[in-house]
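You will see two complexes here that share chain A, one where it goes with chain B and one where it goes with chain C.
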Partner chain A sequence: MAEGRRAGGSWTRALRRMIERELPTEHLLPDQEPAYVASWVYVFGVVAIAALVWVMVSGVVLAFFGPQWWHVSPQGHVVNSIHFWSVQLFFIFMVLHLWGQYFGATWRDGRATTWMVGVVVFLVSIGTAFTGYLAQQNFASQWIAVNAKDAINSTGAGAFFNVLNFGQMYGLHVMLLPIVITTLVAVHLVQVRMRGVVKPIETEPS
Partner chain B sequence: MRRRGLDQSDYYRGVRMAPYDLVKELAIALVAVLAVVLILAGVLSSPDEPPVTIQSWAQHAPLDLVATATAELQGQTISSDYGPPYNIDRDAVDHDRPAGASVQAFGPIAPQSWAGVHIPITAASSDVLHPLQLASASDPKLAQALLRYRAAARAQRSTWLSRYAAELGHAHMAGGLPVIADPAAAGPLPTMMATLLLVARSGGLDGLLLQSGHFYQTDYTGPLLFLGDGRYLPGLAHAQHLLGDQWGMMNETGRYPGQAWLWLYTLWYQIPPYSTASNADLLVVLTMGVLSALLLLVPFLPGLRDIPRWVPIYRLIWREHYREARRRPRG
Partner chain C sequence: MNQPAPYVHWGFVVLSLPNLVLIGVMLGLFALALVLPFPGRRHRRPAADEERRDG
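What follows is the complex of A and B.
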């Protein structure tokens, strides 16, 4: 009886049981999926993640060598080019993924929060890219900062989010926002694996 | 009790399953995307237009720099009477208005004013008078001109500034300095501005504008506001199609894609009533905030969540599935 109380009161066991129940390894790393998953629309999510991986890898290299490196080093410029095009592809794939999920109405059958986390990833990615453009230390950064300050200031946020402050924008871009995006993408993936891929529209349970 | 649809074994009952290799798919995607990225990076490189400096401004548009510095002293630039978060709009205070000309409001609501002055900027002092004060340590003529300017009554300073600003409209450059028709009418300003231009051209003003009392410096608010007050920086931006009315926020320098994902945000600036509103920025941000909330809440919004059923794109997405369903014998 005392044994049972101890087991029932263990937060660690409770967490382990919840993970085993909600996300067993065969769901986390499935070796089979519904046959309808063999559709081009599912490719966009995977390639978006692949592009994000290369955004992160190239971003880590750029951050390691510092914000001025890529302006003066040919090797740095190549890494910046990889970062630049990875970001462009990430957004293209993410938007295609978003539209694909919208027209499949994939929030059905208890998947609304999966959709919502995905939208938040999209919005945070826009903010992250924006701080990246501000942290480039070139003419584009100068002009975007001067031009964008009015919109940020009009909301009152400019008092705390100063687009003209390179140090603040750089810190947000290389540290805080990548952590937020990585965490949200991980949550999004876990949600997808927990719930499985939604059925095609006309075959859903009534 | 499991929520509906969350138990995969129940949810997929009766659904035909097929072999699937998630890890292999991700590995292939990583290699394929890297290949595309490397090709794009190798062939197209990436944009990197050098930044504008106060020095380059002084070299390429000296009269614009002098005119901007004069306007800073007059309090007639964007940053000099911007309002929060940089300063108090003196004009608004003098006329007992709740928000100045630069403060955007939506009816009585002006969120720009809520946090007050958090990043104090006094453009006349930080951009002109303070740098000149430092330069005057080794320039007796400038020190005398500054003393005369500071000692003069406000009305006298205003008269000098107005006359000098008017003269600058017809000025030309000679020997690297602005030449005006009647320098005496502008009091000490010709001496002050000639020195400011010389300091700027040498690169000294770039450093002086960054003085914050700290050795390390990462905040460029002052110099960027000063650059933004002039015509030189916007002129360069115009040439690169970066202005607001040129879909600027989603463009990039050179022939590169910019933040194309800001197309909808940028769109509003091109059409009325946004394009003609004095509070366009606030209206656009509010509009985008509402649209973002709608996107977030699509699963709960009748109409928006029903569009996928009305537009049969899902039949393309799951084409094989529906084809197979048609082939399956009914029973």
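What follows is the complex of A and C.
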């Protein structure tokens, strides 16, 4: 057993070799791209990430100062608005990115997991936006929660996902779901770097 | 601003006017992204990324 370990190497060595093989550092932040990437369609994804950065930064400020600040103070109104509108931009450009990838069939050539991680990011983002609307602490959030509880209860999920429980919705919105989104977006980007950008359909050999 | 948005009824499809405008803007942006030239296109090296995957 001990010999086997020496011969095969430790799991840390195997992991290091796998990273060196799959993720050579010179390709993580490339300075050159294929010619077909020179299109505005490929900009949508990075604009969505830029919007996500604004969402995260403004969200951290909102979480630090709290609901009274974002409702009452002029500075709070500004940061609250930045958070709201950057979320709108995030969704707009995420959907435009989705359209671009869908019509380019970019799950081709071993990129199915990249596509699926993107789909999961989209779904988790919807849940995060929903809990964000519930965490506003205004009449709109009360209205949304009271209506949504019936929809959630009809699925049977109301017992462990209670939209009327502000603490649960706020905790999900500011801690758990942002961690999931950030992690998945990082995985998505690494997957794109590992496999490169898919060739356009017209360049595929027939 | 402080009133319900006007809604568009089209068969079973019911959309608020702001949502309809937004969908139109997104379709317009997508179309523009397909047809507008990307700056600096001629200075790019073709298929630089392919060398790594092929080799």
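Keep in mind that, in the parts below, the second predicted complex is superposed on the first by the 198 of 206 C-alpha atoms of A that agree within 3 Å, B and C clash if a C-alpha of one lies under 4 Å from a C-alpha of the other, contacts with A are read in each partner's own complex, and residues count from 1 in each chain.
Throughout what follows, contacts are C-beta pairs under 8 Å (C-beta built on N, C-alpha and C of every residue); 3 or more make two chains touch, one makes a residue touch a chain.
Quick caveat: nothing in here was measured; it's all calculated off a predicted structure.
J.: Once the shared chain is lined up, is A:Asn138 touching chain B (first), chain C (second), both, or neither of them?
T.: In the superposition, A:Asn138 contacts chain B only.
J.: A:Pro34 in the overlay: touching chain B, chain C, both, or neither? Say first, second, both or neither.
T.: both
J.: If we overlay the two complexes on their shared chain A, which of chain B and chain C does A:Ile201 touch? Say first, second, both or neither.
T.: The answer is first: A:Ile201 touches chain B but not chain C.
J.: With both complexes superposed on chain A, which partner does A:Trp54 reach: first (chain B), second (chain C), both or neither?
T.: So A:Trp54 only meets chain B here.
J.: What is the contact status of A:Ile126 with respect to chain B (first) and chain C (second): first, second, both, or neither?
T.: Touch status of A:Ile126: first partner only.
J.: Answer with first, second, both or neither: which of chain B and chain C does A:Leu96 touch in the superposed model?
T.: In the superposition, A:Leu96 touches chain C alone.
J.: Which partner chains sit in contact with A:Gly76 here, chain B, chain C, both or neither? Use first/second/both/neither.
T.: Neither: A:Gly76 stays clear of chain B and chain C.
J.: Have a look and say if chain B or chain C is in touch with more residues of chain A.
T.: Counting contacted residues of chain A, the larger count belongs to B.
J.: In the overlay, answer first, second, both or neither for which of chain B and chain C A:Ala105 touches.
T.: A:Ala105 contacts chain B only, not chain C.
J.: If I apply the document's touch criterion, which positions on chain A are contacted by chain B in one structure and by chain C in the other?
T.: 27, 30, 32-35, 37-39, 41, 43, 95, 100, 195-196
J.: Which of the residues in chain A end up touching chain C in this complex?
T.: Touching chain C: residues 24, 27, 30, 32-35, 37-41, 43-44, 92, 95-96, 99-100, 195-197 of chain A.
J.: In the complex formed with chain B, which residues of chain A make contact?
T.: 27, 29-39, 41, 43, 46-47, 49-51, 53-54, 70-71, 77-78, 80-86, 88-89, 91, 95, 100, 102-105, 107-112, 115-116, 119-120, 123, 126, 129-130, 133, 136-148, 150-151, 153-156, 158-160, 162, 164-168, 170, 194-196, 199-203, 205
J.: Name, in rising order, each residue of chain B that touches chain A in their complex.
T.: Contact set of chain B toward chain A: 3-6, 8, 11-12, 15-23, 25-26, 29-30, 32-34, 36-38, 40-42, 44-52, 82, 84-85, 104, 111-116, 118-119, 218-221, 224-225, 227-228, 233, 236-237, 240, 242-244, 248-249, 252-253, 256-262, 279, 281-282, 284-285, 292, 295-300, 305, 308-309, 311, 313-314, 317-322, 324-325.
J.: Provide the residue numbers of chain C that touch chain A in the complex, in ascending order.
T.: 22, 26, 29-30, 32-34, 36, 38, 40-41, 44-50, 52-53
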